[in-house]
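Structures given as structure tokens follow.
Consider the two complexes below, in which subunit A is the common component and subunit B and subunit C are the respective partners.
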Partner chain A sequence: MHLSNDILLAAIEQQLPGVVLSHEESYGMLTLETTREQIIPILEFVKNDANLQVNFLTSLCGIHYPDQPGRELGVVYHLQSMRNNFRFRIKIFFSIDDPIVPTATTVWLAANWMERETYDFYGVLFTGHPNLKRILNVDDLDVFPMRKEYKLEDGTRTDKDDRFFGRDGHEGQLLE
Partner chain B sequence: MADKSVEMPEGYGGEGFFATSLAQAVGKARANSLWPLPFATSCCGIEFMATMGANYDLSRFGMERLSFSPRQADLLMVMGTIAKKMGPVLKQVYTQMAEPKWVIAVGACASSGGIFDTYSVLQGIDKVIPVDVYVPGCPPRPEQIIDGIMKIQELVRNEPARRRYSAEYQHLMEKYQIG
Partner chain C sequence: MQVQSYFSGLDTIDGELVTLNLGPTHPATHGIFQNVLKMDGERILDSEQTIGYIHRAFEKLAERRPFYQITTITDRLNYCSSPINNMGWHMTVEKLIGCDVPKRAQYMRVIIMELARIADHLVCNTVIGVDTGALTGFTYMFQERELIYEMFEEVCGARLTTNIGRIGGMERDFTPAFHQKLKSFLKGFPARFDEFTSLLERNRIFIDRTVGAGPIAGERALEYGFTGPNLRAAGVDYDVRVSDPYCSYEDFDFIIPVGERGDTYDRFLVRQEEIRQSLRIIEQAYKNLPIGNYHAEVPDFYLPPKPDVYTKMEALIYHFKIVMGEIPVPKGEVYHCVEGGNGELGFYLVSDGGRQPFRLHFRRPCFIYYQAYPEMIKGSFLSDAILTMSSMNVIAGELDA
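So, the complex of A and B:
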């Protein structure tokens, strides 16, 4: 069956009216936004529907926008229908003070590791996850490294001389 | 044809005997028959594979037999980026090696974290284990790796017999909390 952005939107709207808060097309790919309360019903619907046949959760990741108060943290789901050769993405946003999202492992098993990675790097807590602990970082790390307030560079270096990295107090000034 | 055998140590010889110091004889034997443990993680591991290949050939130095079991290896060659999560594993492998053991850090990442100055990369393996020779490079060419190996051979050849029992060595091991 030929799937397109409009057909998918119409099917979701018909089954779950009002869950899609907004949608846009970036470079032709459909991006839906919804809430964390509605994300599991949407995922279950698109997976189980006989026409849509969205059978593949390509990716699940987090994102942090510190400049959006109340919507700082987000989780992005990339979905794919192999049968119909169609991809789209769903985003949910929530406050950084309350980073609780229902787990997608009940719908797709692939979400298991990807949610662990999102927890490891952004601190998003997935309720109902069978084993939510750090996956890529050391187990006793006490920060969430991909949040924007955390610096990329290793903070424990003792031998680094900032002058050799262009940080000698003259950043931003033109050479004389 | 040039004589390809190893140089004779200093000593006094006669008909049917040769007297030299034990450290010299053992040192020469060890230096020319090191069994390396290639702890190859990334790109430097590929350069090591080239070094072991026919063109650059580490077997010339007696390192024909690689060992992936630390119990049977003399030289731990750490080649590649070591993440902080890998640090305890590397330390465990080093601890399992029997004395005498030497460590060569090949490449910028093993020596100092290299280009990856991030929260997840160990900034040099000398944060967890003592290192004898560092080979800088990203990646170092096989010739440079061979140069590092030859420096290790020199260390092995000239090692005092009781070095591993000395107070200085014990202090070094305590500093790294090994053993």
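So, the complex of A and C:
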């Protein structure tokens, strides 16, 4: 079967109406946005569907947009159907004050460490995860270091600030 | 403390279970990571891995660097085949900025990447030999790896952390010394590699030690996110070079070797055959090396020649803008993957138009497949567990990001 962005989108819409909040194509790759309540049903559907055969979780990672109130944190799933040679990604966003997402380890075992890494760096709590603890950082670290509020540079330095990287020094906004 | 609680629920067999710390700095693990093993005599009942001893915060660092400075970070992922990481990163940025690389540069990259793959597989396979007690092959094959590193030196000046190539192509054309070294390597290596092959491939002791050690089935391997030689040894013929060809891999004739049982011996054989296939690719690419430029015309990203910087105003401006990171970048998200030494090495780059990535995530094959290790060694002997680890080619640098 030849799988295309349109076919995949139609298949998901038909099976699970209304779960796709928005979709776009970025450099040819279909990007869907859904909610954390719907992510596991979508993953299960695309994995088990006899035509789609999305058999592989390529990658799972967190992302932090501090200037999106109520949907600051996100998790991005890259999925792949090896038989159809097709890739796409799914995103979910949620509030940083309520970073709870159901685990994908029930669908793919590979999600185990990827979710631990996402927890470690972004503080996303995956409910149902068998062993959710830090993986790369030390156990007693009390921050989630990939969140944008943790600056890489020493805050007292004045010779390197965000303006040198095309962004406003205070809010991290792009310079126009 | 956490480890104790993890094991406290286990049934004991004869009441004399031993907790054994394999690592963090054990010579047989070939890297800084720890396995806490629950042993009944010499049999492993359970294990718990700890990684992160060399965590270097690459993803955080990448959010504060212009694109060209991130290349040096990728060096340090799988440091046995840095050029593949470098090229993968360049191609990710090229995809984002929409840059077409000339055919000559693509073929040059293929030659470099396949040399890196040979070096990577040589280390892995000879170390499997070392862990079964056969040191000889290792000492001889390291001389071959040395020849490959000398070629890298000709192309980029470095050996291990290569920082090879540039966004848009290669930093310099192949030098006469490189041509000479590559020709002599292509001529001499197959015979010497056959010697190594004859030492191990049909060696009774080696086969007894490796057949059936640390097996994993194809379906299970896919569940665990395996890619690369480890997945192919389990019988799944997935290779990024074929499924999503980059750098003109579609021009070359090569096969994807697969195994059946997914055990240590199959992983060894798959890597052996991949070395031969890599040689075939290099020969084809070198024989048909196109004439032309070795880099694309992307003045916004590719540094001008140094003499021009001193004499021409335009070159000076571009040089300054690149070095100071004052180049506007398109907004967008790209995922690009290459077939690394250990499997699919992916780069997920989110650009918001700033001069450094808004988010960069590395898909490191080692990190993902190493989580299957406890399952693969459960119930086996400690000595088999060591072999299983070296045959999975777990590189500490690639566990981290």
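Quick note on the criterion: the second predicted complex is superposed on the first by the 152 of 176 C-alpha atoms of A that agree within 3 Å, B and C clash if a C-alpha of one lies under 4 Å from a C-alpha of the other, contacts with A are read in each partner's own complex, and residues count from 1 in each chain.
By definition in this document, a contact is a pair of C-beta atoms (placed from the backbone, for glycine too) under 8 Å apart; a residue touches a chain by one contact, two chains touch by 3 or more.
Since we're looking at a predicted model, the values are computed, not measured.
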Identify the partner contact of A:57: answer first if only subunit B is touched, second if only subunit C is, both if each is, neither if none is. second
On the A-aligned overlay, A:16 touches which partner chain: subunit B = first, subunit C = second, or both, or neither? neither
Looking at A:108, would you say it contacts subunit B, subunit C, both, or neither? Reply first, second, both or neither. second
First (subunit B), second (subunit C), both or neither: which does A:40 touch? neither
Is A:157 touching anything from subunit B or subunit C once the two structures are fitted on A? First, second, both or neither. first
What is the contact status of A:7 with respect to subunit B (first) and subunit C (second): first, second, both, or neither? neither
With both complexes superposed on chain A, which partner does A:89 reach: first (subunit B), second (subunit C), both or neither? second
Applying the document's definition of touching, compare subunit B and subunit C: which contacts more of subunit A? C
Contacts for A:125 in the overlay, against subunit B (first) and subunit C (second): which applies, first, second, both or neither? neither
Residue by residue on subunit A, keep only those touching subunit B in one complex and subunit C in the other, then list them. 136-138, 145, 150, 152-153
Given the complex with subunit C, which residues does subunit A contribute to the contact? 26-27, 29, 31, 55-59, 61, 63-64, 76, 78, 82, 85, 87, 89, 108-110, 112-114, 117, 121, 133-139, 145-146, 150, 152-153, 164-167, 174
Residue ranges of subunit A in contact with subunit B within the complex: 136-138, 145, 150-157, 159-160
Within the complex, which stretch of subunit C touches subunit A? 2, 51-52, 55, 57, 59-61, 63-64, 66, 95-96, 222-225, 236, 238, 243-244, 324-326, 328, 332-335, 337, 344, 346, 348, 350, 352-356, 359, 361, 363, 367-368, 370-372, 400-401
Can you list the subunit B residues touching subunit A in their complex? 84-85, 112-113, 117-121, 123
